[in-house]
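Okay, got some structures for you below.
Two complexes, one shared chain (chain A), two partners (chain B, chain C).
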Partner chain A sequence: MIDLIILLTLLLLGYGFGHYAEKKHYKDIIQREKALRNLPSVSSKVLPPITQMDNELVSGNVVISVDYFKRFLAGLRNIFGGRVTSYETLLDRARREAILRMKEQAHAMGAKLIFNVKMETSSIYKGRRNSVGSVEILAYGTALIPKQH
Partner chain B sequence: MKYSNPLPAEGINTTPTHPLKEFLLLSGGLIGVIAIFIFVVGFFAEKFAHYIPFETEVSISQSVASTMSGQQGEVQVWLQQLADELASAQNLPEDMSITIHYVNSDTVNAMASLGGHVVMFRGLLEKLGSENAIAMVLAHEVAHVHHRHPIQTLGRGAVISLALAAIGVSSSDAGQILGTAGLLTELTFSRHQEQQSDFTALRSLYHHYGHVGGATDLFEMFLKEEGDAIPRMTFFSTHPLSENRIVRIKAYAVEQSWPLSGQLVAVPENIRERIRADAERAVPEKSKEAAETIDAGA
Partner chain C sequence: MILTNLENITGKRITKHLGVVSGSTVRAKHVGRDIMASLKNIFGGELKGYTELLHESREEAIKRMEQQASSIGANAILNIRLTTSSVAQGAAELFAYGTAVIVEDDHD
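Moving on to the complex of A and B:
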């Protein structure tokens, strides 16, 4: 009985805080994406035909933790199969946040374009039982900065 | 070449399902599956009892076994030996073991419980004239264990918790349920179960002695004494007695062409003496009460 109460409390806390954090994060992401629209980041490897540009490596990195509720939901999904929707938003947020951080760095350098953008995803706490997992996403690319005259 | 970044469209990489809705759906499904499992197990409780490993029964009955205080001694060793011989005569599966508890009490009863624990009271042993008659009682209780009657009788709840314990879910709870129920020592088997055990006991008696003489001694003795003022016999309430039962046992033996009478084996003299000594040592409950009354009066 006590186990059940602890479980329900953790689920409730996980859902409450997780949901609140996610909502807040999405609002923030959408707002910043709008602000940085004028700085395109593309995955093309071919250098655009603009010369007289400096190249700089820029990167953005983020670690987001899954909450108890999401993990529980994913655990239930493991039984029945199907899309693990509770992790979808987690990865979506992490990817967009990583790109935004990269863009913010490039923007501070005065870059006009980031090309050859790549992403790396890794799971922290991988394989450790009874630990709430976290996901790390790294976005990196080459920023093209107009030469200062 | 012109590069531009459109604003990412929402809801492409994520599914717009509300997490709570998914949670309710999935947990509801899981609970439903468990409920169906429990329902099915409960429905076929009697049949499933045979598939519950005997080890599970033993591990759960451990807490209860400690409350059945048996007396280590000559009588218990003798009874244990006899029970083991009878168990092998009725081909008791190897993983099942019988543990005899001899209790020095006036209670005229014997009973079988979870985990192969069989309790024999001195009161009953005193009434039985030959080893064959004692063997019949022992074989009957062993047969209860053999046919998994204790588990079946504890009902669906017990079968379900034992089944769950067998697959590794909350085995501690299962023990608690059984322990608190307090049913273990008051198991009452159904008429069908009693009959099944009678027949199995007869078979082992035949295999052990070559005849089934003395099998009905106990019941006949009870029938004779029924009119007399005998102390309350618990054996009556837990082992429904009727003339039919004797008739059925005899008919079964005739059907199997087992000799109804033969050379009866006497109870060893040292065992008989020990039982007598135990009887003298045990203070009869009535006189104890009387003594207390006198004390209070004085």
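Moving on to the complex of A and C:
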């Protein structure tokens, strides 16, 4: 009985805080993406024929963890199979956040473009039974900065 | 030192290739952070401590790569790649590698 109460409390806490945090984060992401829309980041390797640019390596990373409720849902999904939507939103948020951080760093340097953007995903904290506790997303690329004369 | 993950540098010409350079660092998190992380695993959200730790370690790996490159006389590193792998529980290896080259201004 006690175990059940603990489980339900954890689920409720996870759902409440997790849902609130996700909503807030998405709002924040959309706002910042709008502000940085004039700084495109592309994954192309071919440089435009411009020469008066400085190159600088920029990167952004974020470690994000899944809440108890979502992990529970994912656990259920493991039985029935199918899309684990609760993890999809988590990774989507993390990727967009990482790209935004990279863009913010580039923006502070006065960059006009970010080239050859690469993404790296790794699970860094393994919880019980090797379930993914948190993931790190890294985004990096080369910022092109107009030369100052 | 010019760092880029492209294969060439705008306005520069590669005069000499010096081979692959790399830098790595293995970091572990202290217990306090692990406890915070397990709490966050209930509530969800960003683990700021880990984000910072990994960011700093990555800078360290890049710095070591730069040192290696400058010791063999390079002035730029091209095609940099960054990788992460968890070696043991609670520890991660951050690895950076790239091609060290000597570049000079292209006057054409």
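One rule holds in what follows: the second predicted complex is superposed on the first by the 143 of 149 C-alpha atoms of A that agree within 3 Å, B and C clash if a C-alpha of one lies under 4 Å from a C-alpha of the other, contacts with A are read in each partner's own complex, and residues count from 1 in each chain.
Here is the rule we go by: a residue touches a chain if its C-beta (ideal position, glycine included) is under 8 Å from a C-beta of that chain, and two chains touch if they have at least 3 such contacts.
Please read all numbers here as calculations on a predicted model, not as lab measurements.
In the superposed pair of complexes, A:Glu56 makes contact with chain C only, with no contact to chain B.
With both complexes placed on chain A, chain A has more residues touched by C than by the other of chain B and chain C. Residue contacts after overlaying the shared chain place A:Lys70 against chain B and chain C alike. Judged by the touch definition given at the top, the superposed model places A:Ser41 against chain B, while chain C stays out of reach. Using the contact criterion defined above for the overlaid structures, shared-chain residue A:Pro146 touches neither chain B nor chain C, since it reaches no partner.
Within the superposed three-chain model, A:Thr85 lies in touch with chain B and out of touch with chain C [touch as defined at top].
Applying the stated touch rule to the two superposed structures, the overlap between the chain B and chain C interfaces on chain A comprises residues 70, 115. Against chain A, the residues of chain C that register as touching in their complex are 2-11, 34, 37-38, 40-47, 50-51, 54-55, 58, 62, 80-86, 89-90, 92, 106.
Residues 10, 13-14, 17-18, 21-22, 45, 47, 50-53, 55-57, 59, 61-68, 70-71, 90, 97, 115-116, 118, 120, 122-127, 133-134, 136, 138, 140-142, 144 of chain A touch chain C in their complex.
Chain contact summary for the complex, chain B toward chain A: residues 1, 3-5, 7-8, 10, 13-15, 17, 19-20, 22-23, 26-27, 29-30. Residue ranges on chain A touching chain B, taken from their complex, read 15, 19, 30, 33-34, 37, 39-42, 48-49, 69-70, 72-73, 76-77, 79-80, 83, 85-86, 88-89, 91-92, 95-96, 113, 115.
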